[in-house]
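Got some structures for you, see below.
Look for chain A in each of the two complexes below; its partner is chain B in the first and chain C in the second.
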Partner chain A sequence: MANTLQPLVSGRRNALDWWLRERVWPSPFHILLSFATLALVVPICVKIANWAIFDAVFVSTGPESCRDAVGACWAVIAEKHRVILFGLYPFDEQWRPTLAVAIYLITVIVTLTPRFWSLRLLVPLWTIAVFVIGALMYGGIGPLRIVPTTEWGGLALTMIMFSGTVILGFPIAVLLALGRRSHLALLRSVSVVLIETLRGVPLITILFVAVNVFPLFLPAGTNVDKLLRVTIGIAIFFACYQAETIRGGLQAVPEGQYEAAKALGLRYWQMTGRIILPQALRIAFPAIMNHVIAAMKNTSFVMIIGLFDILTATTAVMQDPVWRKYYVEAYTFAGFVYFAFGFALSIYARLMERRMNKGYVS
Partner chain B sequence: MRFAFGFAGAIAALLCTAILPAEAGQGDTLKAIRERGEVLCGAHPGRYGFAAPDDKGRWSGFEVDLCRALGAAIFGSGEKVRFVALSSQQRFPAIQAGEVDVLARNTTATLTRDTALGLNFSPPVFYTGLGFMVRKDAGVKTVEDLNGATICMAPGSTTEQAVARLFTQHGLKYTPIVIENNKELASAYVAGRCDALAKDRDALPGVRMYDAPQPEEHVILEGTFSKEPLALAVRHGDDQWYDIVKWVMYGLMEAEENKVSQANVDEMTKSKDPYVQDLLGVTGDYGPKLGLDKKWLYWVVKSVGNYGDIYERHFGDKTKLPLPRGHNKLWTEGGLLYGLPVK
Partner chain C sequence: MSALANHVEEARQAPSLAVSIQGLCKWYGSVQVLHDVDLEVATGEKIVICGPSGSGKSTLIRCINGLESHHAGRIVANGVELDGRTRGLEAIRREVGMVFQSFNLFPHLTILENLTIAPMLVRGTRRREAEALAMNYLERVHIPEQARKFPLQLSGGQQQRVAIARALCMQPKIMLFDEPTSALDPEMIKEVLDVMLELADTGMTMLVVTHEMGFARTVADRVVFMADGRKVEEGAPNRIFDHPQTERAHAFFRQVLKH
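Moving on to the complex of A and B:
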């Protein structure tokens, strides 16, 4: 490619002309390549669009509605969305998880907005949010009847597990990362052993241990809530991976920063909290967000231990023999829900990177 | 993934057998259930007809109703049951650790499970086993006609072992095509990739009805070719609780045999038949011998019906999955269900 710098000439026409010349047909070979790509992509898109939109059935009038459909049968979503989104939560009480998810989303949006970044606001906000969401979901206060966690399900459950993972896991990750770089031999060995052991086993194993093995060590009759056990399990797993990411960030902070901080007479926690960590986290940010998004999707692993998150609920409800032919549509719907959250996190991550990189020469 | 799965399962199973938890003490389970106010029932996370959430997210199915019967026997209401969905790897640790009081999760009663896994099995509540579906125009009438056939089945299943054993016994040859995913397995058969579909017999009518475009072109072979007696399971150690589970199941069968159904249970309390009076707790005190209310079986039948009512509700002609009762008829009608006398 010759000159890829955008000319300083203003005007729409020129810009378009430049874009076409440089980006679409800089040479005959590129023209060929562009058309080949188009030829590949367009038919697939047309097929998908036909299946998903033009030939699809959207309205359900019972099991017969999709009999003659050539395309997708979205009627199955109309029929089954309540179970997919709420799992086993009692039907008449489903306004409670709906409200809980709404409160949760508002809290998250506030938390992610830089203008509200102050511990004095966020700590009380989360305390209240956790309390209100817990009260709504579990009940037992006033007229709300108790809904045990075995009946929680769907989107609310996925969100609770995801937030629990990040809120519990992130502080542990920071401590493990600092522990691994500590000069205290014991602290360092404990961190290393913990990180390496848990990183070395699959998440499924940790879930199995949390669900099946852990209760065997408890005296008979005592029972730690399964949801809690699982969330702690996923959180520790998340923390071990995240710890290594943060350690990468810590190592990238130049030695001079540590020395300068010490020379100023800062204590360990002052130095770590005010000088080192902010830089380390900024450096490691893309990788940190990577793990956060993975943690969101990892919640779907609970399928194998019988918690009714979105994916388990979809699988269970699609056992209905009349509708099970349309499992592709149901999973597409569940996949879209994951995508919506994953993509929102990605966009946020990119915005934050741009914001944090202001004033830095990278 | 599969390796990880197996590995984790193996570790869990090993630990379970190595440190078998303290067995349930005599009477502890019923006491705990009474204090808690509900029975904890380990259920299949989704097998239509047996246990699956309905469109309103409410548990529904044959095994679900058996658990509700236990709730009714103790509390007089089938609603006093909480279901805990358990995967197949998870079900035994869950019952051993006391996470659930009873397991009603498509579990075949076997010697190993009864002994090494520390379980006690209720009388079988559902008899099933290997069955075959073939295309009608193939003219297959018996297993012998399947000589040389390609057969679709799920890998690593008891089906696979049962087919191998059956064909060796008869000195027949076959080509297995193993497909993991249930849906794909059905599609492969329907698309003609194999001559016969081998599956638990109770699952075949669903495939015929909903996966085959022309159900009348397929037939299910007469007969069940392996033994899969499904039963409820409880932990070793608490005989009282085991008795309750066992006798509630017998009670369901006895109610059907004596024509006491959900529809007529209130009338039947006025029955002149002394045995029916005993069953419904009008006379006699069989409930208290189990540690239950005198009218325990009345509440069971009132809440969920007798065995036949439950079967009809989930596998009857009006359901989405009609399934002939076959072995699951009463012994008086040529089936295998033989309730012991409530005396």
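Moving on to the complex of A and C:
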């Protein structure tokens, strides 16, 4: 009964017919189940839609705009988006982080496009991007006045920390994974100790170490920027987790691949870079992307140590007595920003997986 | 200066003897897998090594290019001694090609890239030249039309022929074959053996671990019979197959030559 063949002849009508018959009401019990699911989902969706769209206030006309609203008060976003997106960054200078984020997004999009994958392009691109973004954010060049990193905030800060984490952390992760599989005893011990220690402590501990403990070990008078310390801390934490996923990929590459590469005369780094890692990273790719997405969201931990990322900024908005009752809307917005980036990464990961599987299916 | 000196040294020793193995011993833990093996292979000579499984024949040829390390004895290949120093190992691997039982093509690279990667990285050949060389060898193994495909899209026999071409692209002086047809379906064995026969006709020095006795009879100058990590017997194929001197060889060849 539930096993009529999927129609080979394509055609929208046939396919829809088949889908309804096989996937929606193949038997009385399934009809019941479908309706039960609908009965559960529909009211929830209706309620959310009413709150978020139909009864919501979108336009801000001042503090009083949401007084009579039954649904969501999106006016709070219109009113406070500057703080949420830019944090404490001086109001009149906020075109600078806007431009920085735009440059950043363009750089990332170029980097993620396979057609542009050559170090000859990407290394100069990132060097220029980092320099320009740094100059824009920090200033001190030409007419740009200096904005210290303690005043950076919001989305720009989240992105800086996230990319810093991945760009610094990924090479460290690869080296740790290789180190852990090395024949050299000392190298292996160092890798194992580092990975196991840092995986064993919570991220918050690492943040506190970066902020409070690390400066104690610096010679008096020297000062490493707090944002930099924190980003390096998160990057190393990320690297230790990522190292283990990469090691999983390395272990799945057959011994014969190493032997063939060696027999052809390839040296260690040639073999690793051209033969082993490409295969290992392909195998570990879904898990790698998992950690990358988690790393993006982990940047929100810096709230605890007083860096003004997008989540901290949202919390700060809620200090305003006029708007504080609309915290659900504000956090929903912040959540949506995270979701947009996380989902974009997921879609990208899926595209990449399809691309990497070329040659593995006949 | 020292590179030049090395080169001259290599050329001077080079070699009517392609491979010279003396007193080779190897252990896995406490188990001795090679007992005092001696073997000399002249340039252009074709040697077939056979014997029951676990006899150490694969281990022996894997020692020649340093995929396995040995614990005692001496190996000189193409005039370079394998003494545990990296430089000697690299010098040997550049000149000694190897074909594996399980092909070991690089699945993420196209056939053409499989063939060009080593010449480009190891010999510093330019891409254009490396590709021309690769196409030349693909024609010699009769599959130039597969150049743009990926390894897993090819049949086992085709993959093994690509693997042979890949090794030849390094233009080695010596070729090692480690049971090259053991993982193949019967109808594919012939296409691989044919390619090896053609290669033998070019005068290549070959050491082949195989159970293909027909191939051994046609191609081999000498057959080495191994058992329990020892070289038990060696001689011309017809002599050793038809009149083995030892009981061990007699029993083995009676089994494998029965059909």
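We take it that the second predicted complex is superposed on the first by the 351 of 362 C-alpha atoms of A that agree within 3 Å, B and C clash if a C-alpha of one lies under 4 Å from a C-alpha of the other, contacts with A are read in each partner's own complex, and residues count from 1 in each chain.
We adopt the following convention: a contact is a pair of C-beta atoms (placed from the backbone, for glycine too) under 8 Å apart; a residue touches a chain by one contact, two chains touch by 3 or more.
What you see is a predicted model, and the numbers here were worked out from it, not measured in a lab.
Of the two partner chains, chain C is the only one touched by A:358; chain B is not. Contact with chain C, but none with chain B, is seen for A:270 once the two complexes are overlaid on the shared chain. Of the two partner chains, chain C is the only one touched by A:279; chain B is not.
In the superposed model, A:21 lies in contact with neither chain B nor chain C. Of the two partner chains, chain B is the only one that A:327 touches; chain C does not reach it. Judged by the touch definition given at the top, the superposed model places A:257 against chain C, while chain B stays out of reach. Within the superposed three-chain arrangement, the count of touched residues of chain A is higher for B, of the candidates chain B and chain C. Annotation: chain A has no residue touching chain B in one complex and chain C in the other. The part of chain A that touches chain C in the complex is made up of residues 254, 256-257, 259-267, 270, 274-275, 278-279, 282, 356, 358-362.
By the touch rule above, chain A contacts chain B in their complex via residues 79-80, 82-83, 86-91, 148, 150-151, 153, 202, 204-205, 207-209, 211-213, 215-221, 223, 226, 304-308, 312-313, 315-322, 324-325, 327. Residues 4-5, 7-9, 11-12, 15-16, 19, 21-22, 24, 28, 32, 45-48, 52-53, 55-59, 82-87, 89-90, 93-94, 96-99, 183, 206, 209-211, 320-321 of chain B are the ones that touch chain A when the two sit in their complex. On chain C, the positions that touch chain A within their shared complex are 65-67, 90, 93-94, 96-98, 100, 102, 104-108, 110, 117-118, 121-122, 150-153, 163, 166-167, 170.
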